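Read from first to last, the chains carry the letters A, B and C; within each, the first residue is number 1.
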Amino acid sequence: MSDPLLSVRHLCKAYGALKVTDDLSLDVATGELHAIIGPNGAGKTTLISQLSGQLRPDSGRIDYGGRDITRLKMHERVRHGMARSFQITSILPGFTVLENVAMAVQARSGSSFRFFGAAARERVLNDAAMDALAEVGLDDRAHRIAGPMSHGEHRQLEIAVALATKPRLLLLDEPLAGTGGEEAENLVALFRKLKARTTLVLIEHDMQVVFALADRISVLVYGRIVASGTPDEIRSDPAVREAYLGEETT
Amino acid sequence: MSANTATAPAKALPPRVALRTWVAIALFAGFALVPVLAGLIDDPFLLVTATRIVVFAIAAMALDLILGYGAMVSFGHAAYLGIGAYAVAILSAYGITDLGLHLLAAVMVSAVFAAITGGISLRTRGVYFIMITLAFGQMAYFFFVSLSAFGGDDGMTLGRRSTVFGQPLLEDNLVLFYVALGFLVALYAFSAALVRSRFGRVLTGTRENRIRMQAIGFAPFPYQLTAFVISGCMTSVAGVLLANQSEFVSPAFMNWHRSGELIVMVVLGGIGNLTGAIGGAMIALLLEDWLSLLTRHWRLFFGLFLVLVVLYAPGGVTGLIRRIRGGPP
Amino acid sequence: MTSLFLLQLLNGVQFGVLLFLIAAGLTLVFGIMDFVNLAHGVLYMVGAYLMATFAMITGSFAAGLALALAATLVFGLVLELLVFRKLYDRSHLDQVLATFGLVMIVNEGVRIIWGTSPLTVPMPPLLAGSIPLVGPLQYPVYRLAIIAAGLVTALGLWLVINHTRVGMLLRAGATNRSIVSALGVNVSRLFTLVFAFGAMLAGFAGAIISPILSVDTGMGESVLILAFVVIVIGGIGSIRGAFLGALLVGVVDTLGRSFGPILLRTIMDPSAASQTGRTLAPMVVYILMAAILFARPAGLFGRNTS
């Protein structure tokens, strides 16, 4: 593989005696959709949190775009083009949908130490935010207050906010959790479209989706990567079948 | 929120003036007419009360800026009232009587004090933040108590009010009132613009969800600290006016009870909309005056009122209005 | 000089022990219930007033103390049932406001019941007088008794917290509140217990300090804020932190007030030194707090807040 966009080496994180990330190494190539699967409690969200900078690893090293980002804080990593969605919806509940996304646009367009001029009327912010909303199909509900919207709409909003930061690498933590039917189909179509322009790390329980979308899959069990490869390789890996897939794909 | 926006074509938000802005304008107009009313009913004390209300409205509004919009419950804001008041007293003692210089000194000292104490307090959140701001407020209080050259515990009487371009204009209570009202209106306009600006959005966004703001690339600390400093400076302006109004300064201006009363004003009116703070200052001071006419032990009833408001009318006046209009509190 | 230092050090320890009694209950309430209680200082004050009344009625220090303790415990329980219980789920802002209101109510209530002039409590004859320490140095027995009482209480608390089931729950609760409810414990009863016990400790502090301090309505406020400083320094929820923080604050405050001007005299002229010393001394503990927080935002023994 040529220079990976994201390269994780010997990452460790423990809560007391419990090793949630155990000497984990992982490469994500530029442009690929890399899915991470594993049973509940395997440490998937903890891994995403360390990749995004919300959680600091105990040891190990994370390189992104050729530089060491292990000690960068979450907001600094975002500035370098890394974005994430949260497994448990994390939005600004009192803001409108548009404002939620415009906030993310604002983060990357100019200084926010501007004390005058209504941010709500800035075309630069609103237009880019509307673009992101159109992409997830929320543009018709842009002026609704985000808090009371449905779970599925929150998932869409999460993605729109992440997209608005114009990421080079997008970390998606179970973006389909709790969605169903048409909502889920639309999101899957969106991910397929996103694959063309950004690198994606996807954590997802829906195996059909994972095997349909992923270029490569890594299997995480008890904080370790037990297998890594193309969907076909993973499907035929006996160790994976035993440890994990057997019980989930039936 | 209404359903009619659901299908509206989504461009930029239509410019609209919120109800609270109309209420604020009505309040300002009402204030402006107080001297006329005072003349009609021949009650000079009304003007004094109105001036106090306007001054505390400035302080409460400044606090609302960080408490309501930034979720920073500062329990030490009376310190800035005190800094403003002592700027007048100390400079006047050295023969500097100009209002502009008093304001400048008050704002600069407050900015430094807010930057240092805020910088430390904002490393923490929640109960820690409340207790630490309270402790720093108390530190300022003790500093002025021990400042025996300027009256110490007893405070000191001002010989004269601040001058404007060398003229003793503020000696006239009517002029002082309109100057105070002018500051209130100007600072309201400033604050209203601030909370709608890019900066204000970051502040409010951090209140709503700190992690989310970090996840889209904001470091909350510099924004919160800046807001904290701005709020402290605005409060010190109220302090300058307060010293002029009472012609007296004392450490009691910055006692922690004062800080508590400022929070009471903000919450009574309803947090996070600026107008509520103005209304809250009005309610709190009028209630105080009224209760103290009825009984020597008015604090008992004021305390009781507070407990009851918290337990049974959360959201203060604006919460009440919102519930009457059928929205969430 | 050395004997003065020793004397002031003991005074500092005595003050620290008193602060610990107040801070102990407060830090548990903060840590376990995430509850801001501004009314804790008035419990200390009420303890002192009740002590004054009961000591006068019974004519006995011991009987007065026992009755005052029981009464503050009841007072704490009543407050918990009437007000605090309704506030646990509320925002910090609501808690600040309601307990601030309580401070006003109780302060004014005390003025109505006991009047505005300060009360005194007679020193128990058994503990009156002084004993020699080193050389010609004498120290009041009563102050030593306060130190002893505080240390015994601290030891008792340590035993309860480290060696009983309730203590185990308290430790778990201070670290992670959801654990306690997950254990199937009646959380509401645990809260009531902690709150009433903390009230009693604060009342105890007020009662035992009353013979050497005049009892008046402002007494709860200055200690409340110093108790906050203690808790912030020690780390919220940590009894050990409260103990060390209290001793630190007590000693630094006392020594700062007596030796600050003396130290300053080495670098400036005497009158300026005493003036500067008087101005700076009350600020020393706050500067200490700021310095500790700068290095450790969660206090010496606190869990990280971020």
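Methods note: a residue touches a chain if its C-beta (ideal position, glycine included) is under 8 Å from a C-beta of that chain, and two chains touch if they have at least 3 such contacts.
Model, not experiment: these values are computed from the prediction.
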| item | value |
| --- | --- |
| Chain located farthest away, centre of chain B as origin (C-alpha) | A |
| Central subunit by CA centre of mass proxy | B |
| Separation of chain A from chain B, taking each centre as the mean of its C-alpha atoms, in whole Å | 42 |
| Centroid distance [mean C-alpha coordinates] between chain C and chain B, Å | 32 |
| Centroid spacing, where centroids are CA-atom means, of chain A and chain C in whole angstrom | 49 |
| Touching two or more other chains - residues of chain B | none |
| Residue ranges of chain B touching chain C (in the complex, touch as defined) | 67, 73, 75, 117, 120, 123-128, 130-132, 134-136, 138-139, 142-143, 145-149, 256, 260, 263-264, 267, 271, 297, 299-300, 302-307, 309-311, 314 |
| Chain B contact footprint on chain A (complex, rising order) | 52, 54, 73-76, 78-79, 83-84, 86, 90-96, 98-99, 103-104, 106-108, 111-123, 126, 130, 133, 139-145, 161, 164-165 |
| Residue numbers on chain B that touch chain A, as the complex places them | 1, 5-8, 10-13, 15, 193-194, 196-202, 204-205, 208-209, 211-219, 222-223, 226 |
| Residue ranges of chain C touching chain B (in the complex, touch as defined) | 30, 34-36, 38, 83, 86-87, 90, 92-94, 96-98, 100-109, 111-112, 221, 225, 228-229, 231-232, 236, 275, 278-279, 281-283, 286-287, 289-290, 293-294, 297-298, 305-306 |
